[in-house]
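I'd like to ask you about the structure that follows.
Chain naming follows the written order as A, B, C and D, and within any one chain the residues start at number 1.
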Amino acid sequence: MLTVFYILSAITLGTAFLTILSKNPIHSAIYLVLCFFSIAGHYLLFNAQFLAIVHIIVYSGAIMILMLFTIMLMNLNKEDEQNKSVLTRFAAVIALGLVAFVLLATFIKAQPVIEGYQVSGQDYQSIKVLGKVLLNEYMVPFEFASVLLLVSMIGAVLLSKKEHINS
Amino acid sequence: METNLALLLLLAPFIGFLINVFAGKKLSGNLPGILGTVAVATSFAVTLSFFLQVSSSKEPVMIDLFEWMQLRNFKVNIAFQLDQLSLLWLMFVTGIGTLIHMYSISYMHDDENVHKFFAYLNLFVFFMITLVMGSNLLIMFIGWEGVGLCSYLLIGFWYKNHDYNDAAKKAFIMNRIGDLGFLIGIFILGFIFNSLDYTVIRTAIESGKLLQPSWGISIAALCLFIGACGKSAQIPLYTWLPDAMAGPTPVSALIHAATMVTAGIFMITRLNFLFDLAPEVQNIIAIVGAVTSLIAASIGLIQNDIKKVLAYSTVSQLGLMFLALGLGAYQIAVFHVITHAFFKACLFLGSGSVIHAMHGEQDMRYMGGLRKVMKVTFITFLISTLAISGLPPFSGFFSKDEILMTAFHDNKPLWVIGSVASIMTAFYMFRLLYLTFYKDFRGTEEQKKHLHESPGLITFPLIVLAILALVGGAISLPGNSWLNEYLAPVIAKQSEHHHMGTTEYMLMGVAIIGAFIGIGLAYAKYIKQSSVPGQDSEITGFAKVLYNKFYVDEIYTALIVKPIYALGSFFKNAIEVAISGFIFGLGKLANVLGTEGKTLQNGSIGFYLFAFVLGICSIIVYIFLAK
Amino acid sequence: MENILQQIGIENYIYLSTLLFCVGVFGVLFRRNAIVMFMSIEIMLNAVNLLLVAFSTYHQDAAGQVFVFFSMAVAAAEVAVGLAILVAIYRNLNNIDIDSLKKLKG
Amino acid sequence: MDVSFILITLLIGAAATYFAGNKWASKVALLFSVAAFAVTLCTVNLLNNGENVNSVTRWIKNPMISISLVGDGLSLIMVLLTTSLTAIIILATLKNTFKNAKSFYALILFMAFAMVGTFLSADGFVYYIFWELSLIPIYFIALIWGGGEAEARKKDVIKFFIYTFAGSLFMLVAFIYLYQKTGSFTNGALVRVNLTDKEQFWIFLAFFLAYAIKIPIIPFHTWQANVYQKAPSAGTMLLSGIMLKMAIYSIIRWQLPLAPAPAKEYMHVLIILCVAGVIYGSILALKQQDLKKLLAYSSLAHVGLIAAGAYTLTLDGLRGAVLQMIAHGFVVVGLFYAAEIIIRRYNTTEISEMGGIRIQTPRFTSMFMILVLASVALPATFNFIGEFELLYSLAQTNIWIAVLGGTTIILGAFYMLRMFQQVMLGEQNAKPFADVTFGEGFVFVTIIGILLFFGLYPKPIIDFITPALENTLNLINR
């Protein structure tokens, strides 16, 4: 399993980098799909099958398709993006380094606190349990999520509607 | 009964003031004047009755009305005290006051604001009575400032002329400088004695239970003396008095010669027990008095304005009185105050009579020969001049001689200064007399036609005062002094009695010879040589310095007034601007921060994100790492 | 059933998500293309989701997974609206270069 | 009957004035201000009979805020000053015509309401509300009915508003901090809390900023002269007569008892600052060419002395401060009223364009003269009592400070007489100047009567305020 983890991690990071670095947005999108698949793999490693499936459905199925459509719609599948100025790139690299440093440093500082993993044996992530938790404890947020999706749908429709410019 | 009478004494002039202020305009002719005179005469009558009562019973009359002020460690009441000293003072204040009111009826009858004049004059008498009658220092301070106010009002009586107004203002402000000293003195006495009552302070001192170090008393005495300097026109606060001659002549006679300016002497005499404890202050008083006397006399030598000469002579005489006070001879100072009040009031009124005849001309260079037309004025003037010059048997001789004698015993240099001042006095007084009354008339023909003797209301006070100037010395003859005995209860330390020996007679002789020298010089110069002082531009050398009063006014202007104005300009143009600039600067800073800060919002999302990342990093660092 | 945490420590996942997150940050700052920036944001979201799942397993608590579920719902909604906005922008400006959207400066 | 009746009267008065319409506004306002004065007198009488006149109403439970109004000698004398001066000020403006008079008079009454509230409140929060509330009417009065060029006026008035407002915010911070400590805003609870010296220092400083700006003490005074000059006379009278007294009252009521330690430690610094204001204001007054500005700077000088007295922490100083507040209130209202009469008749504020009024108006001159003399603290006027006690208290701390503070009697005489000479004396002015009317004379006579009566017999006031001041002093020295 360790090997699987390392391979998946390599794929995740690599495709994420490729997503960012490819000039063509279509390529980016495809790399991102790969990345998402690898993350779903991670979920499987955690035995979180439900999440893995949902993740593939939502991200790779819905979101990425939506993006690809948009890219196609806008005819962006060419490498015409101008590079940012050197200063901005430099700033981006600095920000990367800074965030990485800060987060890692925080973690390393906190590491002594982390205890080892102990199995309790209790079921906490089967679909049955999740369903119970979701529809009992988190009933209200769940419903709100549906409202949110509805609203976002209406919003998306309204926003992308062609405006009628007044004569 | 006593309370009512005392209140009548106090309030009669005040009622006169009220009537003249509110109804004076409607009163016709001389009525305001008569009213004012009656008011003061009433006070005089009451004073007389009290005077007789107290001089026989020897018990002072105390009147306590009501509580006035409350301070941490004591209370101040509105209370009055009629003892030997205050009654003596009241006698000549109200007495001479009555005469001068009478004189003013005629002198001021042409003035459109005659009712105001009498109102102010009555108010002055009221405040003067308050000053004298008060039984504690704060009541005295009411009167003290009140007479200053009246002096201000009366000097600036002809308010259309801004020179007069300036003189009035100057008098008030210079007095106030002294008043500040007075106030500080009161404060210190309040700390030390927990009371401002004369009797309490005196008892405290005489019981010898004083715990405070004596330097406190010395400082208090010095501060009070500064107050006296202001009111009684001593160096360095004397310059207002000559300027105060801008007021009508009766005012000069009453306020600036006979009564108000002697308030300083009254105060020091009143607190003689206090000053006795401060010999170093007494020394200062004596020196200041002597120097003032000399300087004022030397300036008087060369003045041409008839009233200015008299003013400097007043300053000089006041200096002599302070010399006496400084030497601890309070009775003698009081004696000189009284005789001086007689002859100086007479001199001023006489000069007023002259000015009246000359239609407002005050320059002696344009007078002369008035002896023939103004006989009464001349004779009374002559008597007073002889008195001030210190010739026996006139009153001035006795008082001045006693001062000099005391000085000779205690402090010889001061005696020399005083004697020189006396010789100068004789000179300039006779110079005044000769220039005004002798030789030929030097004014215009127009004036000459109108020359006349003044009416009876003017000459009557002159005659009375001249008689008093002639015989006033009788109240304290050398060796047999009624005054000394009378004042004995209020003077704590009796000055040692001068035995009339050879030295004393010799000193008298010296004084008389000195007076004759002065007179002789004046005679030689103004009668023999018939010289008349030249025009202002012709005066040169030291005489010019004297003529310009040692440039003291100019020095004060340059040293005090100008710097204050300069400071004012500096405050106005620099500090105010700087402070308000700083405040506005804060507002501008906010403005600038806003305009500059908004350019940070440059619309570049990349920049925002970068800032965002930085912000997150710093928050994480702050929360988790920076411990 | 055994899961990965029984074999390797959770710190590996923490490192992974941190790095993934940093990559997302880098992408947002580095690219001008709004769509790619969008993708970078998705990467960051996923980094967080991954960590949530990891800790959910670690604490053996379902709440973390439920949270990821919600976050996916929100992500979906966000993408729908975001892309609609991008489309609207594209229609007006004919490109989606983020540097050309500078109308909001102070 | 308790002190809240005064507030209610004024509030109803403000409303009634507004609804009375422009024509009747001034009369209604006058009626209600006199009524408020009468109610105050009744309350004073009740207090003198030993009855309780306090009024406490619960307002907000969390945070604990109650509208507690306390009437003791100190607060009631200030209320008395406020209501009487409000009546006098309204009387003084009766002859003027204002556009939108109903708002003008309603604002005056409302301001009186706020100021009375400030004096009476014993709850820090309510006190703060009243304190800020009083700023709003005067802002509008000065802005809308003021004189001079509109732009310049706006600038000065806004400066004044922001300046004073900024200062009082520090006070609010101090109150909130104290609430955190004690869980109460009431004066009684706040003075009992034990604070460290450092805490007291910061609280003292916060209060000081608020008060120093309002009083004003140099160098926080730059708003003053311009606002006094630009505001309508009624506004100037309200500002100088009452409003700045709020600050000195607050020093005695709040600042000193709450933070006595720094008050003792920095006493000399504070006093020197105040006394510097005396000299600074006096010298600046000498250079003013504008009548109202001159009076403004003279007010700066006088108020500096009052504040100095309050900071001496002696009974004489506190008592002198209260007495002088009252005396100065009346004198400054009278002086500004006289200035207003001159300015209205000459249509200029420049001193150099005046002069020679005395020939035309003997009565007005006499009244003006008496006010000038009272302002320079001539003995037998009320101001002398106050000034004497103040200087005496200064002398208790340091004789040299008393000497410096005492220069006010010299410099005060200097600039006031100089002003009087330039404005009133001299040859007749070409412009005609009508003598005072009956109404104007009545205002002057009232003020002068009060000043002279209490100048000779201040005992009623002294007896009334002394117990309250002794209480305060005990709190300071606890």
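FYI, a contact is a pair of C-beta atoms (placed from the backbone, for glycine too) under 8 Å apart; a residue touches a chain by one contact, two chains touch by 3 or more.
Protein identities per chain, from UniProt: A = NADH-quinone oxidoreductase subunit J; B = NADH:ubiquinone oxidoreductase subunit L; C = NADH-quinone oxidoreductase subunit K; D = NADH-quinone oxidoreductase subunit M.
These numbers come from a predicted model, not from an experiment.
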Most centrally placed chain, judged by C-alpha centres: D
Result of counting contacting C-beta pairs for A-C and B-D, higher pair: A-C
Separation of mean Cα positions, subunit D and subunit B [Å, integer]: 37
Chain centre separation (subunit A, subunit C; CA means) in Å: 4
Between subunit D and subunit A, distance of the C-alpha-averaged centres to the nearest whole Å: 69
Euclidean distance of C-alpha centroids - subunit B vs subunit C, Å: 97
Junction residues of subunit D, two or more chains touched: none
Shared-contact residues (touching 2 or more other chains) in subunit A: 84, 88, 91-92, 95, 99, 103
Subunit C: positions in contact with at least two other chains: 25, 29, 32, 99
All pairs of touching chains, each written as two labels joined by a dash: A-B, A-C, B-C, B-D
Sites on subunit D touched by subunit B in the complex: 159, 162-163, 218-219, 221-223, 280, 283-284, 286-287, 314-316, 319, 356, 358-359, 362, 366, 373, 378-380, 385, 388-389, 391-392, 395-396, 399, 402-403, 406-407, 409-411, 413-414, 417-418, 421, 425-428, 456-459, 462, 466
Touch list for subunit B against partner subunit C, complex: 597-606, 609-610, 613
Parts of subunit B lying in touch with subunit D, wherever the complex brings them together: 21, 66-72, 78, 116, 138, 141-142, 144-146, 149, 152, 156, 159-160, 162, 165-166, 169, 172-173, 176-177, 179-180, 183-184, 187-188, 190-191, 564-565, 567-569, 571-572, 575-576, 579-580, 583-584, 587
Parts of subunit A lying in touch with subunit B, wherever the complex brings them together: 84, 88, 91-92, 95, 98-99, 102-103, 105-106, 109-110
Parts of subunit A lying in touch with subunit C, wherever the complex brings them together: 1-2, 5, 9, 12-13, 16-17, 19-20, 25, 28-29, 32, 35-36, 39, 42-43, 45-48, 50-51, 54-55, 58-59, 62-63, 66-67, 70-71, 73-74, 76, 81-82, 84, 88-89, 91-93, 95-96, 99-100, 103-104, 107, 111, 114, 116-117, 119-120, 122, 124-125, 129-130, 133-134, 137-138, 141-142, 145, 148-149, 151-153, 155-160, 162
